[in-house]
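Two complexes are shown next, each including subunit A; its partner changes from subunit B in the first to subunit C in the second.
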Partner chain A sequence: MSPPFWKQATTVTRRDLLRERRSGEVLWVTLPFGAVALLLIPIAISTDTVTLRRVGVGMFWVVVMLFGVLIAVRRTTSDSIAQRDMVALTGMDPAAVFAGTALANFLLLLLFETVLGVLTVVLYDIDLSGAEWFPLILILVAVGLSLLGTIAAGIVATGRSTAALVPLIVAPMSVPLLIAATQSFEGLRLGKSILTWILMLAVIALVLAVAGVLSARPLQETG
Partner chain B sequence: MTNAKPQSSPVWPWYAMGIAGIVTLVVSFVAPPDAIQGELSRILYVHVPAAWLAYVSFGITMLASALYLWKKDLKWDRMAAASAEIGVLFTGMTLVIGMIWAKSTWGVWWTWDARLTLTAIMFFVYLGYLALRRSTDDLEARAKRAAILGVLAIVQIPLVHFSVVLWRGLHQTPSLLKPASVDMDTPMVVTLFIAVGMFSVMYVAMMSKLVELGKLEEQVILADRSSTAPVAGSAVTAPSLGGDA
Partner chain C sequence: MPVRRRYPAEVPEATAIVSLSGVAVRAGAVPILRDIDLAVHPGEVIGIFGANGAGKTTLLRLIATMTRPSEGIGAVFGADLNSPDRFEVRSRIGYIGHTPGWYPELTLAENMAFVAQAMGIDEARVDDRLDAVGLSGAKDRRADRCSHGMQRRAEFARVLLTEPDLLLLDEPHSALDADAVDLVDGLVKRTVGRGGAAVLVSHDHVRVESLADRILRIENGTISTGRAP
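== the complex of A and B ==
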């Protein structure tokens, strides 16, 4: 008898996080890379505080979307076909493997967003009105992006030019997330209700979760 | 040796595409000019049908992808791929023609209007779909992976179509595809519908050719796979016994 779904999923999450602890890919490579991007933008646009305050939130989300893809793609480029076959042979539920991987990606993305978020507030002098909503928005975006990235990584796994293909698929498809995230912050700045955008983020996450679970088995069958 | 001739490819799609192209151009020039935009309005008889047929193409990609996932028949995969290629072509056409119109009307080639931006993003989503198809020669794996993306990518279409309603921008709101009354004069509506009909003929003709091409491509991949596939036992090498080598 195989272990329960969530036991399998958390085993995969622990494996991915342990691998991250050993390699430090997100913490020591992607995160500093994102921070450098946030430093480069003002040099290219303007170092004027008013301008930076105006564009800061948008720049933060663009960096999160583009660099966040690298967090989802890291497993695809490192997993060999033999490793994938081994996981399949253990009899684990493909949906649990998907959920576990997405959960690990979510935790890493949330860490990525949080550190870069603090950096953006400091560097771009961001208006903190409605700050009590920030954690919820960050969590929902991290959920959506991790699910999207995990699905895309599963779709392109074992193909040619995998590392380049995942960003090409995820970046344009993350536009609804980007719109909802930026509009939420804009709504908070203007003191308007952001419930519609929060709902949009939640619906996107739900749809992606269903799509990911349903596509997990067919994707595993293709190797 | 047999006298059987190789099956020839049907020529009707070429004629259909040619005739449909000519008819579209003729009706576009016969239609009366717009009261405000003048002769420039004729560009819309190509821009709007191209945009609509792009939606239709991606819709059919989604349907064929879902049918592939259900039936596991490669004919649906060929149809999804062919329709996506045509959709990308029509989306590219919509963007380029729209830019020409924008330069004359708004004074700029590009503006960050929601409809324009999201259409460009839709173009890249389906370019990603086509790139994904080129990433493997395993027909079943390619079909399954592309089918999942083909179903997911459809979310772009309502976003693009309703972007003019959701965000106020420079692009005009729908003139025909809306619940309220139509905002166009009858001769213009008739011309537009003829053009849409002709674009549909072009779509069917191109689908016929591309599906046929897809079938040939699969045969090439299968032939290549059978000629390079290792023979059973080829991984086993004879042990070296040493001594009299």
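== the complex of A and C ==
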């Protein structure tokens, strides 16, 4: 008797988080690189506080998008066919495997965003107007990016595309996320309503979730 | 003890665990398998020999539902290999390929626990199964710090844990010490003893012929001969 969908999904999430805890790939490699990127940008462009404050939020989101995709697809090239076979032959629902992987990616991305967010506030002297909205925006972007990365990883894992194609798959799709995220922060800074942008982030997440669940089985079959 | 049958099988096709008729598998335009007709019945052990690149592993992956036929009709446990039904029978298949599929960062026990959780099997059985294959002292060792032979033994423990009705073994005797080779034989006998079936791909003719009810030879992607051992 197969476990229910969410039990299968959380089994996959626990596996991914345990693997991450042991390998430290996100915590000790990707996160420090993201932090270094945020540190280098002020040195590269200006040390002027006004300029940094103006570009800070945009820089944060660009770093989150670029490094966040790496977090979401980190296992694509390292996981072997034998490992994928083992998962497939447990009889787990591919949609549950997708949901569990996306959930683990979401949690790691949220951690990544939070640490880099604090660093950005400190380094770029960010205006904290409307800070009560920050968690919601961070969560929605993390959901969207984790789903997008997990779908891209699934496509690459079929073996019909190489990992080098991940940026080409992800970049166009992440543009709406980037726009909605930066415009939300801009709206908060100017004291405008950000409901439209929040709604856009939620719709993107919903569309990606549906696409991911529906494509999980065909993608596993193609692999 | 399972009842041994001689080729050709006496059991009607309708009861076959695996049934392939006119199956071909292609990778793009390259033919890997062609004109494969095969029935595997409950209680039966099939040995498959063939040169490297003959299509043995592809045939095993086809039976494991991991590769779909490009042509022909195939079914495993009655599930059409070209229909979504094949997802439903995967948990009844035990497949051990060339390379162990353990996650390197996890211990052997954690890897096994993942399989148990994924399949809804009582996790308390994990330790017993690792003990049964002589890995009680290594269960808390990370998979990437275990030798290839230990990882293979752990795969046998996985089969003991999941108790599949169809056992598919690709070169099961390679890189194993004498005790582990006996484990393989035990797994095969245990599976067919429960009414399941086993298919073994191997270069170890002596060992496989001692286990198999039927021997098939694959040449250039097709079954060239079938005989009793």
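Keep this in mind: the second predicted complex is superposed on the first by the 218 of 223 C-alpha atoms of A that agree within 3 Å, B and C clash if a C-alpha of one lies under 4 Å from a C-alpha of the other, contacts with A are read in each partner's own complex, and residues count from 1 in each chain.
Simple rule for what comes next: contacts are C-beta pairs under 8 Å (C-beta built on N, C-alpha and C of every residue); 3 or more make two chains touch, one makes a residue touch a chain.
As the structure is a computational prediction, the values presented were derived from the model and not from experiment.
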A:Q8 touches, of subunit B and subunit C: first, second, both or neither? second
Subunit B versus subunit C as contact partner of A:L108, first or second or both or neither: neither
First, second, both or neither for A:M86, with subunit B first and subunit C second: second
Residue contacts on subunit A - larger count, subunit B or subunit C: C
Partner chain in contact with A:I151 - subunit B first, subunit C second, else both or neither: first
Contacts of A:V143 with subunit B and subunit C, given as first, second, both or neither: neither
Touching partner for A:A211 - first (subunit B), second (subunit C), both, neither: first
Which of subunit B and subunit C A:V175 touches, first, second, both or neither: first
Touching partner for A:R19 - first (subunit B), second (subunit C), both, neither: second
Contact residues common to both interfaces of subunit A (with subunit B and with subunit C): 221
Parts of subunit A lying in touch with subunit C, wherever the complex brings them together: 1-3, 7-8, 11-12, 14-15, 18-19, 22-23, 80-94, 217, 221
Subunit A partner contacts - residues on subunit B that touch it in the complex: 69, 118, 121-122, 124-125, 127-129, 131-132, 134-136, 138, 140-141, 144-145, 148-149, 151-153, 155-156, 159
Complex interface listing, subunit C residues touching subunit A: 64, 66, 68, 84, 87-91, 93-95, 97-103, 105-106, 110, 114-115, 117-120, 142
Residues of subunit A defined as touching subunit B within the complex: 151, 155-156, 158-162, 165, 168-169, 171-173, 175-176, 207, 211, 215, 218-219, 221-223
